[in-house]
Amino acid sequence: MTDLLQNLINGLAIGSVYAIFALGYTLVFSILGIINFAHGAVFTLGAYFTYTLVVGQFENNGLIKGFNLFPAGSPFHGTPWAFALAALIGATLSGLVAVLIERLAFRPMRARGADPLLALVSSLGVALVIVNLIQILVGAESYNFPPDIYGDLKPALILHVGGKLIVVRTVQVIIFAVSMLLLLILGYVIGRTRTGKALRAVAENPGTASLLGISVSRFIVITFFLSGFLGGLAGTLVSTAFSVAGPYFGVTYGLKGLAVIVLGGLGSIPGAVVGGLVIGLAEAFVPSQYSAYREAVAFALLFVMLLLRPQGLLGQRLIQKV
Amino acid sequence: ADKVATPVPIGIGVAQTSNTALLGQEQVIGARFAEKYINARGGINGTPIKLVFQDTGGDEAGAINAFQNLITKDKVVGIVGPTLSQQAFSADPIADRAKVPVLGPSNTAKGIPQIGAFIARVSAPVAVVAPNAIKQALKLDPKIKKVAVLYAQNDAFSVSETGTFQDTAKAQGLTVATVQKFLTTDTDFTTQVTAVLNENVDLVIVSGLANDGGNLVKQLRQLGYKGSIIGGNGLNTSNIFPVCQQYCDGIIIAQAYSPAQPSANNQLFVKEYTAQYKKAPPQFAAQAFTGVQVMVDALRILDRKKKLADWELSDLRVALNTQILAGKYNTPLGAISFDKEGELNQAAFYVAQIKMKDAKTGTFVFLK
Amino acid sequence: MALLELDNLSVNYGAVQAVRDVSLTVEEGETVTLIGANGAGKTTTLRAISRMVRASEGHVRFAGRDLARLPPDEAVRLGIAQSPEGRQVLARQTVEDNLLLGAYTRRNAAEIRADLERQYRRFPRLRERRTQLAGTLSGGEQQMLAIARALMSRPKLLLLDEPSLGLAPIIVLEIFRIIQELSGAGVTMLLVEQNARLAMQNSHRTYVMEAGQIMFSGMSAEMVNDERVIQAYLGG
Amino acid sequence: MDFLQTYGFLIVTMLQQGLLGLSLYFPLMAGQLSLASPGFYALGGYIAAIMLTSPAFAGWRDALGGWIFPLTWVLAALASALLGVIVGVPALRLRGIYLALATIAFVQILQVVSLNLDITGGAVGLFGIPQAFGFEDRWQYIWIFLPLTVLVLLFARQLERSRVGRALRAIREDELAADAVGISPTRYKVLAFVIGAALAGIVGAMSAPFLNTWNARQGTFDASIAFLAYTLIGGSRSLWGPLLGGALLSSLPELLRGLADWRLVINGLVLVVASLYLPQGIVGALSKLRRPVPPKRPPVAPPPALPLGDAP
Amino acid sequence: MSAPVLQIRGLTRRFGGLIAVNNVSFEVQEGEIFGLIGPNGAGKTTLFNLMTGLTPPSSGTLLYHGADITAQPPHTIAEKGIARTFQNIRLFRSLSALENIKIARHARTRAGLLAGVFGRDRAEERTVDERAWALLDLVGLSSKAGQEAQNFSYGDQRRLEIARALATDPQVLLLDEPAAGMNTSEKGELTAFIRRVQQEFRLTVLVIEHHVPLVMKLCDRVAVLNFGELIAVGDPASVQRDPKVIEAYLGGS
């Protein structure tokens, strides 16, 4: 019973990390039908941006080692609100980077009518550039936020239930809450509003959308900004839980993130969250003697899901009328 | 046929890009430092050395390319590298067939020196180093009974290390209550940690790399684990300080290297290194330094027999290999030598415990 | 001043010149028919007006304004709507959402509702299918949807590309009734039709297009009796 | 000689990666974007590595001598083809990006399995693999990779010209219409998939000795994406595309070696710029320069009336 | 007119709550040109889809020369001799006109993978080529043989699609609104063309068409669908006079 509960908590916790990563990932897919591998890099960037604001300097390696950008006593450090401000600025910067990426790496391709799959390659190139630039600038090691960024919150809540421990990490609760909140906001905007309908029209057929008076390029910019913003925010949050684990930090989520968004339904916003949680739970419930195979769980689920229900849990079926 | 160039080129083929760069980064620093240190002391009997760096990346093909460049284009006399054992299995045979001596600075997997006559290493295999940590932990806390073992299943070296840890633990009469696996790319370890907590163990042994290992320790402590922690070789770097911060405190790590090693050689090395980098040399840097030093020491002897500039490159490489295996060296690792296969004989190993001064800075304190 | 004015318009697809040197005007409130054989360049002409293709030469002027660099969505904002060839319904959205998106450029929710109701009255079949995904509609149903959707933007200029295509006779009559009604309400229309007789009966003027060029034009009432037209388009 | 010594490995790697790019091309002929090749590549490599190192096969090695190598290729091809059928039949009901993702999942699953088996050497992998035909230097591997490349190119070209090639193209263009004119989509999709799988398996078997070691890091998600890049940057509509793309992209980091730290940054930029400016891939861009030749009518005079066909 | 080629027995197809084709039964005789008309959404295209295996029926059976072919896969049905065109043209868009037709010879040729790769298919390829050119001549597109199908105008695409269907050597040809997008004179030409093809190839033709004069002129018999149900079958003149048909389909006049 307590095992079950603990697994549940663990699963939801890991799952919400997946979910929060996947939100921005799936957003871009939903509108452009492309998988943006640079999302992982933007996620990483968000963490580095916020870290730079909060701490101000990098120590051991890289071109800007020791260079103090925000000397001690920076306004972004000390209270939870100051940290929140830094995180928002970090996310905004990430959003802008995403817009820049769209401008430089995707838009010209659309204009030339290239194979949308090429966006995969191009975004991979962008990811490579960002990751290696980070390494050149600040080195490959990880950085950690100061322990007090969430103020006096205790790191974890530890319950004793029937002689066994149940652990709930505070950061995880924060991440879970934020991803749910984002889900609600995004879900509302996309599912219920005129903007959302237009967004879906752009996603389905940009040509037709523009024939209806929808400005395709504006919607794409907005989408990328949002995706980058969410990615950057997610990066910051996740790194407060674990550390800014080097330049490859976010990129490693890219693959698992794929499984998440497919499971939930490619391009579906609630799907990203549900997919994340399902995979998190599935992984948490792998019995420990099979833990070696845990990494395969997400992909096994993905494979089976694709065979049984390619549109994913919450995705819409593609219909084809002859 | 080629002559030996001056300054004498020595190849460094380690990971400067990719995920593995985190470790390679320290090796680069150690080697660079060695070059400066040695040339400041007259190089090889007056002839300076010149290190040639070729990035291996993190994969096998990258290591082969780097080695091949070093061997034929850069015409190095010997190579220190690569970073990972898996890369060594791929690239070392290339050097071996080309009859170029290789010193593995960090390859700890089983079977490395056996790749060929030209392959040796300055990194002691896990089977030799790891057991010391458990013995030390028991010395610190004789009441330890139950152990949890965790390891990164996608890292070759962690996998072999955990085997040694588990065997030693059993040999010392401890019960291995749970074995948990993770990936070097993991960031969330709640699942593993709760499994550990629920077993009520008194000792946790972690084999992984710096990021994941550090995070794991941090989460263990945050979630209330109070017992002892042993970290494997991958955690043996000050890079983990920013990861687990104050939670790093108390991790016991078996060392192939200790800044506290008392030899005069080491103390000088530590002094100058610290003066330059503002921190004590980490193991990977010290081992890379040692690799370069061993090559140079061996070259000095050869140079005395016949000036290096007069050697045919290919002859020198062969002679260098023989000389490396034959010699005894006073290095930061202490007095070392090699057996005939190229396996390292190292006199002393160390066990250190991390002491954190504040969230960022800490030291490895060596235990007696 | 003519509401729509094409001035020596040419359009290329790669090496193919689909429209060559076309000049044509549509006065405010006028309905103009464009007829021509398959491949004559009619669709291309319409697409150039709605900015879906770029003109390689010449100008498109709408209400005196040159549309040269305008993106298609801006053209819609200016009041140009098109019921395109191939219908182009949004297959994954419902019939009703398709219609509402037709009114994307408009803001007044009450008016939009009223117009939606009007379309449903015109095409009862669409009301029946309101919640069905547009991609699963039959060909003719999609055609109705495309026309209704174009009407939802309350255009000043309506471009209809073969509106009767695939429709049952009874609906074809309905379409032309609607064209009459719109015309009565002052909507300007440019109509491409294969059903040339009906189109001419319901329009003011007619242009005949061949191989990318305008061959001749005239008042529709006279064109119906023109030998050349009868020969080529009315089946002698 | 020095040139071959230094760059021989690179040159053979270019061929090897080009071949892997080609392994994607076969399913792509039928419009199927399969990224499963790294899985079959890994499988082929393991088969060769096991046969060449495991004591269980010592007898075979002694008996067969150098013939053991071709045998590893054949077995790798067969095993990959078999696995290809098993995976392909269900997976090929998917299209486009969905198939790509399913095949990536397949690759990942295979990787986790190989990390956990004893026979594959777990995470350390298998090492000390004997050299094919006693090759001493990397460049000598050109003697097996080059003939394979030539054979595969010939095979692919002939295939494209044939009835089966047409059927694949038809499926690529419109599966449903192809079905309606009498082409069984499943059958031909699986066929193309299996050809690609077998090729990747053979390349893996040849690569194990070439790399000296084999482990679970061969044939991963990264490789899937790399192969995709080969195909798209090279040009997915011509068999030269994936070959060229594989050769160029795999050599890029090496050509940029001089840039040290910056080489991967530049590598990334090259990927972006190539995607932007070569939307049809390199070969696509080149073939634009040539005007397509209009098909020539067979010399016989067209019969005045239509033949009634050769079927009843 | 002899034995029935096609016997449709109680075919029904539901989409969720919607009954697109409702218990439809009729027979088509060998060599006739059979018209299928009805309002938009009456189920005509769906009926074609049922007959060609693209959509499995919810119930009912389909007999071809007396044999049950219900729910067989499309390629099997095509092989047996039923070919079709699509209401929304489905050509192999980026292939040339010639290729489009050669592909459709698939079911009538044999060369397998190995034969193709080893060049043992020369003779067969030659006849494929000849046939394809002849069909292009027939539809008047030989001069555009090398052009990509997607660059053809609508009317040319329709012609090409018919040629592609003929290339499968069908006995039964299903045409879904072949005259859509053609002007009156072109429709006239098309009528003549269908007749000619029907005779030369000894085909049975089913045609869905909204252009009533064409249907009347072309068809031997006509069936009328409304809301998925068969409301009339018979010769064109009598169907045209049927009040049910007038009300549902023809309107006013």
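Should a chain be cited, it is by its letter among A, B, C, D and E, assigned in written order, with residues numbered from 1 in that chain.
As a working rule, a contact is a pair of C-beta atoms (placed from the backbone, for glycine too) under 8 Å apart; a residue touches a chain by one contact, two chains touch by 3 or more.
The chain list, named the UniProt way, goes like this: A, D = Branched-chain amino acid ABC transporter permease; C, E = ABC transporter ATP-binding protein.
Here the structure is a predicted model, which is why all the values come from computation and not from measurement.
Engineer: Minimal path length between chain B and chain E through chains that touch?
Structural biologist: So the least number of steps between the two chains is 2.
Engineer: Work out which chains are contact partners of both chain B and chain D.
Structural biologist: A
Engineer: Among the chains, which one keeps its Cα centre farthest from the Cα centre of chain D?
Structural biologist: Of all chains, C has its centre farthest from that of chain D.
Engineer: If you tally the C-beta contacts for A-D and for A-B, which one comes out higher?
Structural biologist: If we tally the contacting C-beta pairs, A-D comes out ahead.
Engineer: Just give me the whole-number Å value for how far the CA centre of chain C lies from that of chain E.
Structural biologist: Centres of chain C and chain E (C-alpha means) sit 29 Å apart.
Engineer: Just curious, how far off is chain E from chain D if you go by their C-alpha centres, in Å?
Structural biologist: Centres of chain D and chain E (C-alpha means) sit 40 Å apart.
Engineer: Which integer distance in Å separates the CA centroid of chain A from that of chain E?
Structural biologist: Roughly 50 Å, centre to centre.
Engineer: Counting in whole Å, what is the centre-to-centre distance of chain A and chain C, each centre being its mean C-alpha position?
Structural biologist: Each chain reduced to its C-alpha mean, chain A and chain C end up 44 Å apart.
Engineer: At least two other chains touched by the same residue of chain D: list those residues.
Structural biologist: 115-116, 176, 261, 264, in rising order.
Engineer: Please list all residues of chain C that touch 2 or more other chains.
Structural biologist: 136-137
Engineer: Would you mind listing the residues of chain B that make contact with two or more other chains?
Structural biologist: Touching at least two other chains: 17, 153.
Engineer: Which positions of chain C touch chain E when the two form their complex?
Structural biologist: Per the touch definition, chain C meets chain E at residues 13, 16, 35, 37-40, 43, 85-86, 125, 129, 132, 136-141, 143-144, 162, 165-173, 194-197, 231-236.
Engineer: For chain A, which residues are in contact with chain C within the complex?
Structural biologist: So the residues of chain A in touch with chain C come to 194, 197-198, 200-201, 204-205, 207-217, 316, 318-321.
Engineer: Could you please specify the touching residues of chain D with respect to chain A in the complex?
Structural biologist: It is residues 33, 90-91, 93-94, 97-98, 101-102, 104-106, 108-109, 112-113, 115-116, 176, 221, 225, 228-229, 232-233, 236, 261-262, 264-265, 267-276, 279-280 of chain D that touch chain A.
Engineer: Name, in rising order, each residue of chain A that touches chain D in their complex.
Structural biologist: Per the stated touch rule, the residues are 33, 35, 37, 104-105, 108-109, 112-115, 117-122, 124-133, 135-136, 255, 258-259, 262, 266, 292-293, 295-296, 299-300, 302-303, 306-307, 310, 320, 322.
Engineer: Provide the residue numbers of chain D that touch chain B in the complex, in ascending order.
Structural biologist: Touching chain B: residues 2, 5-10, 13, 115-116, 122-125, 127-128, 136-138, 211-213, 215-218, 253-254, 257, 260-261, 263-264 of chain D.
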